[in-house]
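Same chain, two partners: chain A is paired with chain B first, then with chain C.
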Partner chain A sequence: MPQNSETKSLPWGLTPGAFAAWAAALLGLACILLTPVFPWLVKWPAALTLPMTDWIGSVVGWFLSVLKPAARLFSAGLGYPMLWANWLLTATPWPLVIGVVTAIGWYLGGLRMAALGLGGLSFVLASGYWIESMNTLALVAVSVPLALMAGLSIGILAYEFPRVKKPVQGLLDVMQTVPTFAYLTPLLFLFGFGPVVGLIASAIYAAPPMARNVLLGLERVEDDIKDAAVMSGGTRRQQLFLIEIPAAATQIMVGVNQCLMAALSMVIIAAVIGGFNDIGWEVLLTMRKAQFGQSFLAGLVIVVFAMVIDRMSGALAMERRRYDLRVIGLLMAVALLFTLLMGSSLPNPSDYAAFDPTAAVVDRALGDFTAEYGLALDQLKNTILFYVMLPLRIGLDNAVLPFTWGFMWTPAMSMIFLAVAATGGVALFLTGRRVAGAVLLLLAVTVETGVAELPWAFVIGGAGLVGWVSGGRKLALFAASMLALILVSGLWDRALLSLYLSGVSVLACTAVGGATGLLCAVSPAAWRVVRPICDMLQTIPLFVFLIPVLMFFQIGEFSAFLAICAYAVVPMIRYTRHGLINTPEEMLEAAVSSGATGWQIMREVRAPYAVPTILLGLNQTILYAFSMLVIAALIGTTGLGQSIYLALGKGDVGLGLGAGAAMAILALVADRLVQGFAEEKRRALGL
Partner chain B sequence: MNDRSSAPAAISCKGVWQVFGHNPEQKLKAALERSGGDAGSAAANLRKDGLIPAVQDATFEVKEGELFVIMGLSGSGKSTLIRSISHLIQGTAGEIEIDGENILAASKKRLIELRRHKLGMVFQHFGLFPHMTVAENVAFPLKMQGKNKKQRRQRALEVIKLVGLDGREGAFPRELSGGQRQRVGIARSLAVNPDIWFLDEPFSALDPLIRRQLQDEFLNIQATLKKSIVFITHDITEALKLADRIAIMKDGEIVQIGTPAEIVLHPVNDYVAEFSKDVAKGKHARVSMVMDGENPVPGNMPDDPGLRTNMTIDTALAKCMELYEPVPVWDGEGKQAGFVHPSELAAALQVEAD
Partner chain C sequence: MKSLALGASLLAIASAVNAAELGAVDEPIKLAINEWTGQHVSTYIAGGMLEAAGYKVEYVTAGYMNMYQAMAEGEIHGAMEIWESNVSEQFGQLAAEGKVVELSDLGLEAREGIAYPAHVADICPGLPAWEALKDCAMQFATAETIPMGRLVDYPADWGTPGADRATALELPLKAVPAGSEGALITEIRASTEKKSPLLITFWQPHWAMSAYDLQWVALPAGEAACYEDASWGPNPNATSDCDFLPARIFKAGWPGIEDKWPAAFEILTNYKLSTEDQQPMMGAVDVDGNPVEEVVAEWMAANEAAWKPVVDAAIQ
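On to the complex of A and B.
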């Protein structure tokens, strides 16, 4: 929040919010009007563009080539445990593997988990993807211990040495915002082609959640427990390993769960590198061949896998009963007996294809469906594309064409449109709705030019102003300078395209997720339906989202949009509901005793109180949207995601890292801006 | 409640300060310079600067075998004081000696040594290890001492029995009630048989009945083990019942140190008086405190209700209901120790701050 001294000097007694909104709107208007005269307001002159991706490429490239011999050695070394894990999982007769997993399930969560393990793996077996799944599992089995060790060490380090805590946390933040694909390129360069890269990438991706939870868990151990360990005469190491870490076990297990899920997700994404006959590769392959039935099936196998791993490791973090260990012995005995009895007549798991007919049916049904409703689907897609997405992307002036809207947009229309918006804005301003007036004008400017063609001065200035309102001068400077960095790097156009697609998706998620969250807040019945869907959506690895949208809408921006929305809508729903539900009881009672109706309470009490929480949900939604954006590049989006993906193909380290960094910057700036608002609202409510 | 003023000191604190906040050492030094060494105004200055002087200029001794109680309102710095004595936090200024050893100068190794063998502590919020059973919790300090499994088990069961938890040694802390957890904490601190025992509100989680019972057990334990004890409470009845001496803290400052009777009968200010306001003073003050032992005994005292020096004032008053002349007071060996006027006995119960 700006200091009082700053607010005092604002003209016409404007609030900082209104002031910033008007300044941004007028800046935008000025830019539009001046563009014909100064075209460099939109297009940053090439002469002033610094070849930053090249620089990154050569510096990092040099650095990497120094590391390369060591890295190659490391990857060769890592190849062995991977081979062993792979051999162990594929060579072990499948009844034994199923038996072990079922036994683990029993140990962790009794009958329910055992049934989940048995059912899940039986499904995998029947699908005929047994070998592929075991290959994937082998990758996870090697990368997770690496990630756990790394995460544990980083967490402990940050906890033990307060001085490194801040930088470590910053690093973890960045690691979580840099898109996964971005560091595949340098890793490929370092470690060479092959599954080891996927393994290392997934270990890198999965370590931060573990580190975070370890740190959080250790910090949350009660002071008296720590003191008791000291007073018992333990050395520092004894205190840490005998008392503090075990006492933080629950939180650390949450970390293990998140680590496993992240590793699985990344292992599957890393399949794009290829070279390993795993289940992610299978999805990719069938998707490319448009065999959606098969692809759907493989996707389902991944989801089942994710569910089994998630629920079982989730049980680690809960208070557990002890289950009868004899059952484990029994299960193992049955599995062993079964294997021995069947002997050499044990069927080869790859021969199973119980669902192949299903896949064929899905394919046929899909074919029939698209034949029948293809037109309607196309119409839906085109409507949204032409009337919402396209104008937002390239502006009314370019999107309104005779064959879409039925007429041609002319410069005169632009003038009229802007003039009407400006008049409306001023009218709103004069009638006291000052912020609303500015917002109307801002929207008009954006729709008129389109996000992808917004003048850079407007974007950077606007971000600075928003930063100023949300977090004061420092945040303003941070936002503006970070964006300026993208501007001069030559990645600006692509960044705007990414901004546009994530922006549209976030808008849609906010509307749909907010409404759903509201519905779930008022109706427990609705929540009973929505909740398992949310759980499900959060368990599914990112990659799998692409399958269903492709089935219906083919490759293109619209499919990407849907995939992003499906993934990013969940936090919005959860946080909105959570915020609206958790109003303090005494506030509600006060409202009821003042005679407020249900909806009045919702509007006057619950909603304002929920704002900080909902803003945090928005923040999460934005971060989710950015992480999906890169994955969605696989099915045809333009922008930074595409660049990262291309860089991967070409082995262009500079472009990959540069575009990844640009993406991370967008995400970080958005994150800080929204966090700033949430923080301010929380303070205003005295939370 | 015997006199220990000649016994050697188990703990000795001189001018101990514990200031929380940014750069406390420098700020404290500067504040003391500005106030010319006056602790009160230095503390006020520190507070103005946004620091928290949780303990200011604490100076006192705890004798060997003494049960020293610290009392004060919530936030007055009691826990902080014993945490700096046990060196759980680094004191800001002052000297602390345990059995004559300057522990601020002690090496890490020496501190671990001391904690393993000499110091025991019961924590306000128990501080039980959630992943260990009762027996494992209690045996943990023994494990740190390097005792083998069998010895640990045996000793743990011994102390568990002492606090009346036998049969629950296999339970986890989460399966116990608040009072039971409290006892586990006590048992754990007793396991290594420490010479010096810190207890931070050890009975606060208990209902009054169990509390009284545990206090009695505690006095029994102390009668046999004779440890030097620092005991925190904010219950005055508990303090009066247990203490050899009581220190009263207010906003980090020790405002009075004295025997229970001194605290009750001669509070130094209203803050101290307020604590003992509702206490039945006659039960805690003894005849010796009001009798005249110096002036010559008056020649004729017609009545002798048989008052003794260690009788409580309540009992004494009951014996002199009908008497209006001075009466003699006898000591434990039957010699005349002095005399007292019955009206003085009654007046002693109407206490105002000195």
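On to the complex of A and C.
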């Protein structure tokens, strides 16, 4: 919320929210009415477009050629540990690898973890993807220590020098929001061809969560511990490494866990470059043939790895009891004995194919389903396209046609529509619902023109106003100037298309995910069903889902929309449920003792209290939706995602980085706006 | 259909070739493995020939679109199946700088065109004649393309040949770019399962041609004149109002091969593979599920005459 000095000067005693909403709505209305006279309000004149992608290309190109020798040395150096890890994992007989993982499981979490390790790796073995999986594991085994070290140093740096904290956090945001495909070309140029590039890409993506958790952990070390460290003497370095970092160990371990998961999720990206016969390559090959069953199976192998690694490294972050070390000895002895006894008759792990029949059945079932329900699916798609997606994209004035809605939209109808909306808005304003009135008008303006054809002045001005409400003048300036950068770069049209697609998806995710989260908060049984689905959606390579979505709904926006939703809905579900069930006991008791019923408690106590958490979920959903845009481009969407692929194919560094940066800007602006509101709500609730 | 006489597999152009030094036989020659099965077949045969000559061969998986920088730096030594119709701009740049080098045509007879699954002939009875599309375009319309018919085009980074043809031939079709080859195949599969209408820009040799019984739309025959002279063809005001020109499929490699492994350079340059030989092998891999190494090894054992002369000419 802006400072008091700003609010005081507002006319008619408007709250900042109502003021900004009305200002934006009137700006939008003015833009629409003036567009016929001044067409440059919608279309930014080409003469004022700066060739920014070319500039980026030449500046970065120069930098790259300067850095190249050093980078090549680095990548040659990394090649060795990669080779060793690979050799160690593939040359070791598989019973030994399974034995070691089971033993680690026992050490970390007793029988349950041991069973998880044994079961998980047995699944991998039986699937026939053992060699590919070990190659993948080798990649993760080298990239994760790299990311951990980078993350630890960045975190300590930001903690020790508060002045660099802000820029460092900005850098971490950029590392996580610029899509990897956008910088693959420069990475290939710098580090040469092969698995090392995939390794570095995954380290870049996996380091930020580690850095964030290190910083958070160090900041949370209690003052008396720090004081004790100061009083016992010792240099600053000793205090840091001997006292403060160990004290922050639990939080740092959370970072390790997140880092591992992020590295694993990048496996598929490494496969796009190639140079490595890993499980991601297998997913790509089967996806190319549209074999859903087989690519799902290969995807499941990655899910199993993610589960084993997640649970085991998660155990690291918790206090745990000691388990009998003799069991480890026993496990190792059994594995060794088994290997020696089998000797050369040990079956080749690639010969297993236990699930191939299942995969074929799944594949067949997908085909049959498509054949059986094809018409119904088409109808569903058409309904949503005609009545929701097309109007939002190109506006009522273009989407309402005789063969979609049954009649033709005329300019007169536009005028009537806007006039009715304006009257409604004013009526709401006069009856006291001031913000609601403006929102009605805003929606009307957006639906009438369509997101892809919104006047730029309205988008930039609106974002600035929302920023002002959410975080004051600074945020307003940030949001408006960042978007203006996209405008003059010439990527504006594509950015609006991306904004539209991710916007529709976020809307749908908010509705569906919020409802599902609510259901899961009320019913533990529902959560038991939903939770594993959420886990799977988050770890399986998303490429796998493109096949069924395409089979059902063909190439087009609707398929892309569904693919994005499948991934982005998860945080909304998780955070909504989490927020709703974690209401402090004393608040609940007070409500119960005043005689509130179950639903009243939900509406009056739990829901308001959960708002900051739900907003955080919304924030994550937005970021996820943007990160899926690139994958959705494989279906055949236009917008920034497609530009990134085009740039990758052409080896155009400037276009790739420019489009990647534009996408990161959209994501970051949305992120900052939502976080501003969440922060304000939290303060209002006294959290 | 090609006559059997033409089906005589590999052609050894041994006449003008002299025996060459083997060169650095201890260092492996790295051949790129790209994302599709036909390429795997072509590459493993080349690898088998090099091994028969006494070389070590290493197969490196590589993304088709961005492997050329690696090839220029000698980290990949050869790529056996590059489609002229779908080659990244980077190849052109590096080839012009002499950092990668073309190694002659592979010999596959490629064809590109507008295709449809066989059942679509019932939906639009005039097919395969292209003129039929003028009248039944609406049969192919979908929510996104109404009032035009829908034509699925190549991914945007391969160019827009489908859209160009639809415009030049004045067909009421709107081209929708696919995002990837996987998306194209899924379209074909879904159309076959649902018996729904589909027009798609496609190419052969490709396993899907026979697996899904794809037919070509008979466009006006493609000639070079059609692409230069607007008055050629049914539309007097447009170029490309005809079928695709046959796409060239060639091999390329690192320029250093010639000095480092002279005999290998000869083998790779003279290596030829015909569509009639490649297609059954693709089927054995993709339809019957056999490993590509085995399929190729069997074929090489059974058809020694097809490839041995090239190897012998290079090393003897």
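Heads up, the rule we're going with is that the second predicted complex is superposed on the first by the 606 of 687 C-alpha atoms of A that agree within 3 Å, B and C clash if a C-alpha of one lies under 4 Å from a C-alpha of the other, contacts with A are read in each partner's own complex, and residues count from 1 in each chain.
As a convention for this text, a residue touches a chain if its C-beta (ideal position, glycine included) is under 8 Å from a C-beta of that chain, and two chains touch if they have at least 3 such contacts.
Because the structure is a prediction, the values reported are computed rather than measured.
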| item | value |
| --- | --- |
| First (chain B), second (chain C), both or neither touched by A:Leu443 | neither |
| Partner contacting more residues of chain A (chain B vs chain C) | C |
| Chain B versus chain C as contact partner of A:Ala247, first or second or both or neither | first |
| Partner chain in contact with A:Leu385 - chain B first, chain C second, else both or neither | second |
| Touching partner for A:Ala525 - first (chain B), second (chain C), both, neither | neither |
| First, second, both or neither for A:Asp224, with chain B first and chain C second | first |
| First, second, both or neither for A:Met318, with chain B first and chain C second | neither |
| Touched partner set for A:Ile547, first chain B, second chain C, both or neither | second |
| Contacts on chain A seen with chain B and repeated with chain C across the two complexes | none |
| Complex contacts: residues of chain C adjacent to chain A | 33, 35-36, 60-63, 65-70, 73, 75-76, 88-90, 93, 142-144, 146-147, 152, 155-157, 176-183, 185-190, 193-196, 286 |
| Complex contacts: residues of chain A adjacent to chain B | 222-235, 238, 242-243, 246-247, 249, 319 |
| Touching residues (chain side chain A, partner chain C) in the complex | 184-185, 188-189, 192-194, 272-277, 281, 284-285, 287-290, 367-368, 370-371, 374, 381-382, 385-386, 390, 401, 403-404, 543, 546-547, 550-552, 554-557, 632-637, 642, 645-646, 648-652 |
| Touch list for chain B against partner chain A, complex | 83, 86, 88, 112-117, 119-121, 123-131, 140-141, 144-145, 174, 185, 188-189 |
